[in-house]
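Just passing along the structure, written as structure tokens.
Naming follows writing order (A, B, C and D), and every chain is counted from residue 1.
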Amino acid sequence: MSSSFGKNIKVSVFGQSHGKAIGVVMDNVPAGHKISSEELQLFMDRRKPGKNKLSTGRKEGDVPVFLSGLENDMTCGSPICAIIENSDQRSKDYDELKGKPRPGHADYTAYVKWDGQADMRGGGHFSGRLTAPLCIAGGIAKQILMEKGIVIGAHILEVAGIRDESFPCTPTGAELENISSKEFPVINDHAGSNMIKAIEKASQDGDSVGGIIECVAIGIPEGLGGPMFEGIESRIASAVFGIPAIKGIEFGAGFSSSKMKGSEHNDPMYYDEEGSVKTKTNNAGGILGGITNGMPVVFKTAVKPTPSISRQQETVDLINKENTTIQIKGRHDPCIVHRAVPVVEAVAALVILDMLMEDK
Amino acid sequence: MSSSFGKNIKVSVFGQSHGKAIGVVMDNVPAGHKISSEELQLFMDRRKPGKNKLSTGRKEGDVPVFLSGLENDMTCGSPICAIIENSDQRSKDYDELKGKPRPGHADYTAYVKWDGQADMRGGGHFSGRLTAPLCIAGGIAKQILMEKGIVIGAHILEVAGIRDESFPCTPTGAELENISSKEFPVINDHAGSNMIKAIEKASQDGDSVGGIIECVAIGIPEGLGGPMFEGIESRIASAVFGIPAIKGIEFGAGFSSSKMKGSEHNDPMYYDEEGSVKTKTNNAGGILGGITNGMPVVFKTAVKPTPSISRQQETVDLINKENTTIQIKGRHDPCIVHRAVPVVEAVAALVILDMLMEDK
Amino acid sequence: MSSSFGKNIKVSVFGQSHGKAIGVVMDNVPAGHKISSEELQLFMDRRKPGKNKLSTGRKEGDVPVFLSGLENDMTCGSPICAIIENSDQRSKDYDELKGKPRPGHADYTAYVKWDGQADMRGGGHFSGRLTAPLCIAGGIAKQILMEKGIVIGAHILEVAGIRDESFPCTPTGAELENISSKEFPVINDHAGSNMIKAIEKASQDGDSVGGIIECVAIGIPEGLGGPMFEGIESRIASAVFGIPAIKGIEFGAGFSSSKMKGSEHNDPMYYDEEGSVKTKTNNAGGILGGITNGMPVVFKTAVKPTPSISRQQETVDLINKENTTIQIKGRHDPCIVHRAVPVVEAVAALVILDMLMEDK
Amino acid sequence: MSSSFGKNIKVSVFGQSHGKAIGVVMDNVPAGHKISSEELQLFMDRRKPGKNKLSTGRKEGDVPVFLSGLENDMTCGSPICAIIENSDQRSKDYDELKGKPRPGHADYTAYVKWDGQADMRGGGHFSGRLTAPLCIAGGIAKQILMEKGIVIGAHILEVAGIRDESFPCTPTGAELENISSKEFPVINDHAGSNMIKAIEKASQDGDSVGGIIECVAIGIPEGLGGPMFEGIESRIASAVFGIPAIKGIEFGAGFSSSKMKGSEHNDPMYYDEEGSVKTKTNNAGGILGGITNGMPVVFKTAVKPTPSISRQQETVDLINKENTTIQIKGRHDPCIVHRAVPVVEAVAALVILDMLMEDK
């Protein structure tokens, strides 16, 4: 029950949507790594709302202020703390929701867990806004990984049932960066424009849509991870489910392996020209027995449709203990999949950096 | 990088496939719980191989011997240790595999991680055999949960692309137990017999098939879990990926939520006749914001096709550093999905018991 | 290697002495606890420097600003983050120390660990200043424990070889609070004034003194803790050694038990008038087998003399790789024992609150 | 609340004194380390009872049987599990103690914690016998550390108020091994023979004595550990308090620093002939700011007098709820300090090996 994770690099996220500030502490980052604030800001901007009509109209500056851990853009060994001040809040939008939990939200479960004492304005600590500090930490992790030749990229694989292409089996770092940094990060822009239309349509209908994100990490040394409960899948999955709205994760062929024969699924092995062991396919997603095999680490993760919709919905009135309906006002994203793309990269980067700090 | 998990109930699995014994330590189980060894054995038998032609011909007695923690079938507060002695091993079947990693297995990654020093006969510590001790611990957890009115059941949802029905939205404990304890645990036996045929066909072809398991837990109090990284999804997912061959997990509507509208996905809330808050559908899988809402906790998990197949496969010769092929001999399961059903229940039970030990 | 601790209540301290701000995140505090900011400030003031000539002349406001987790002085379930902005810094005092590690300080070890990249001005992240955020978290924990009838108090037991009396075997909450909140927290004020003289003398001599703190917690339910590695002693000790300058800890009779016979050391047991099991003496310090027995939990902890002294000292010049001497300027405490008293209480409170969140 | 510890090397101890077997799982030990079983047995024999009249008359073979993790005396990457079967038990000696907790023992606290359901024959899981499996794990750790040039040794510093000499400031590995492997491990054998007389005297009086153990580790690289809560002191202290009967720990000058001036306590620094930074004294015990400075790591730990004495003692009758007395029969050690010496080394070795597996 915790807003922190990590074994060597410990990441602790704090803040409520309508509190004074949100932020993150990142403990145990080694000293001496140069962190470019421009690059970090570009990464942060990828999840920023208010850029277009696909997202909430809220303006979130999302400029991190570093309280500790960086001196002259260099990590200095002490824990990094960065905060983002909250400004553009409209708490009154939430007044009439009091005691009426929004379906698909954590309102009811937070109410039960904290005996009605949670500050749930704007989703409180469960708000998607809390992924901004995650991106600060993850953006730093990405820069440190880049020094080691490890590149992590993600894109929208599916929105509203419209499918993008998958990453190639062995993408280059440049490919990953080009795709993931697009304003609407898809491989096939034609599929992308259909997704955008579907999102706009949902918005007009007072509704929302979900999707799937595909994430790849290249350059990870083989032999990372271990058998059973601290394998790479366990650790990435555990952290990725910490992102609000994530409801599934699969590695490599994942759920589709249930339809494959062993002879199709097993990745044939061979020596490449440089004498490295490779596999011809990557159904394993770069992981066998919880340990990396040197192929790209690949996973897909499912994002549910944004629960905040403006249509009338059935709920309960916890104060008067009766059935009722609500209509949620305020500014809400009809889709958060595109904004979640950098968040997934951030979490993957943090887990991989964490694992790299363990001795082989 | 660890064969142990859990925060309050710590489970530590040990053993290699061809070592002296395999076993498990289960630390911090409260004293005073009666554990029926008959019931535990019935649970263990559900994963036992050699029962029919769907499984390996190996005879594994799989009778746990308790070294500590149980006195007169009662937990006594000290860590529970149980072992299963290994007997029916045919190490020579593995001799010719030396230096030739089997595709889809952990042979290569273990080789890299442990510099060629791992004992990989029979899959070593990565063997599916290690799920037997997991079932000991999980079977004990299931009995303790039963005292609290919590029932966990699973069934085969899919094998080789053949689909069973899903559990009903709010199954009873009796339904869960009836289904999960079938010799071939499916809801629709007609689908089940088609699955069996597909498995037998794969076996004849020297091939293997994978599948999907659906698991449900009922009776879990609302308010269990927490936001972000120690929510129920994070903890169940982390442990489930510790089971060999698992490649995906989804909660509630999971990956299919990517095709749903928010208005379809959000579960409408209402008061039932007893004044409890319920939802009409359960796309959330009983979890919102990482916290239980009182509905059944539902997840599905993907099992890859057994990597050991008798067909010729492309691999590398690590000693002579050249490409080669192998053909795996010995007795292997053409499908492990049915045997993995109790293992998934075991892991779910362990995580839920672990979480119940934390104060609300 | 971490500035965070705790299993259920996770405390993460951040900041460098001369950075922008220092602070703390306290994760997983249950919602609905009223926190008095006046009371918290009174507690913070107990470690504040600049009150008299026994401490550094630096003025540290030490007024926490809460960024999250408290709404209207009530915990709201989301992680509590509080910061203290740094203001009265004189970084130039440290300029001539560059490359010349101060004996008894972490300068050299931080230099080695972080390859010379640590921000060590003012002691950096190793500064005693980092105990201010610990007191914020601990002060909150103390208030929550008080609701449960648990009172924690500490006093100076020894400074410069001058000994105070020990707490009585079964102190009342009022006694603990009266003593620990004194400006110079001793039981025997005559001993206290001798200590003060010794501190002033050391100050005049450009030297410093150390001491011993005794801490007691009453009202802790019996049965808390467990055998072996997560017993109360293990958990308190682990956290107390996180306080800079602590070099020893003992529970109950501690080191003096080495001079006792078993017949003297074993605490005779009896039923008191209310039918509770008590012991006539408390050599066990309230703990047997790592588990509380209902008697007060008592420990003593050793504080080394402040390493910053103005006398000339032998050190090395890491840049020119030669032996040299330094003389430390700036404002330094000739003794930190009295200021460490609330810090020890803070840490004890955090550990006990953490342990209370586990089910018996 | 746990019988396991460690972050990278996880050690989990199981068993009750009068159960079938006791043992240990040691997870995540890297593959490829040669473990000499002769050397391990010699180490185990150092804590073995029944060697002379200073110890219990019980014969404990204490020969570990390895169930997994070692193949041909080589670690193979999978968790190491070793057990010792229990044989020479006299459970009836404990019959009349039922419901009458022995003063100074965990009988009462275990009773409270586990509602009277603990198996406390022979001390159950709290028995000193559980330190035998700790020595298996620690003995393996010592052999792996030895490969890296790290030697750990301990001796009896004090028994019954009789003091041995301290280790020299910078002992050699040979000195450490010679002293610690003595049958009665002291530096000054004259002090040793006085200690032995005091132990025999206590035994004749139906009483017992306690003592202090000093432990030193040499060859540890500088820069190991970290600030605050995962520093070396925190981690060693946490594990050492997991040993039954330990009531105090201090590093370097420890409690005596309370009587020292800063100018005496600060260790003067210099370059030695090989260009390494050293200190002239070692009051810091090799640790500054939680991080090693390259000097020997030194700590002392207090062992209480054995609580099992044959004299009549006051206790309570938990069944009849009245005051009563008991007289403990059976074979008991009048002193366990000498037998605890290898246990302290074992725990220190395990913590240091665990910390070495983290990247600098």
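Basically, contacts are C-beta pairs under 8 Å (C-beta built on N, C-alpha and C of every residue); 3 or more make two chains touch, one makes a residue touch a chain.
Computed from a prediction, not measured in an experiment: that's the story for all the values here.
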B-D, B-C or A-B - pair sharing over half of the A-D contact pairs: B-C
Interface with more contacting C-beta pairs, comparing C-D to B-C: C-D
Separation of chain C from chain D, taking each centre as the mean of its C-alpha atoms, in whole Å: 27
Intercentroid distance (Cα basis), chain C paired with chain A, Å: 38
Length of the line joining the C-alpha centres of chain B and chain C, rounded to whole Å: 46
Residues of chain C engaged with two or more neighbouring chains: 1-4, 8, 13, 28, 30, 78, 110, 113, 125, 226-227, 358
Footprint of chain C on chain B - complex, ascending: 7-8, 28, 30, 78, 226-227, 356-359
List of chain D residues in touch with chain C within their complex: 1-5, 13, 101, 103-106, 108-110, 112-113, 125-126, 130, 158-161, 202, 205, 207-212, 222-223, 225-231, 233-235, 237-239, 241-242, 244, 246-255, 257-271, 275, 277, 279-280, 283-285, 287-294, 300, 302-309, 311, 313-316, 318, 321-323, 358, 360
Residues of chain D defined as touching chain B within the complex: 1-4, 8, 10, 12-16, 19-23, 25, 27-28, 30-32, 65-69, 71, 74-81, 83, 110, 113-115, 117-119, 124-125
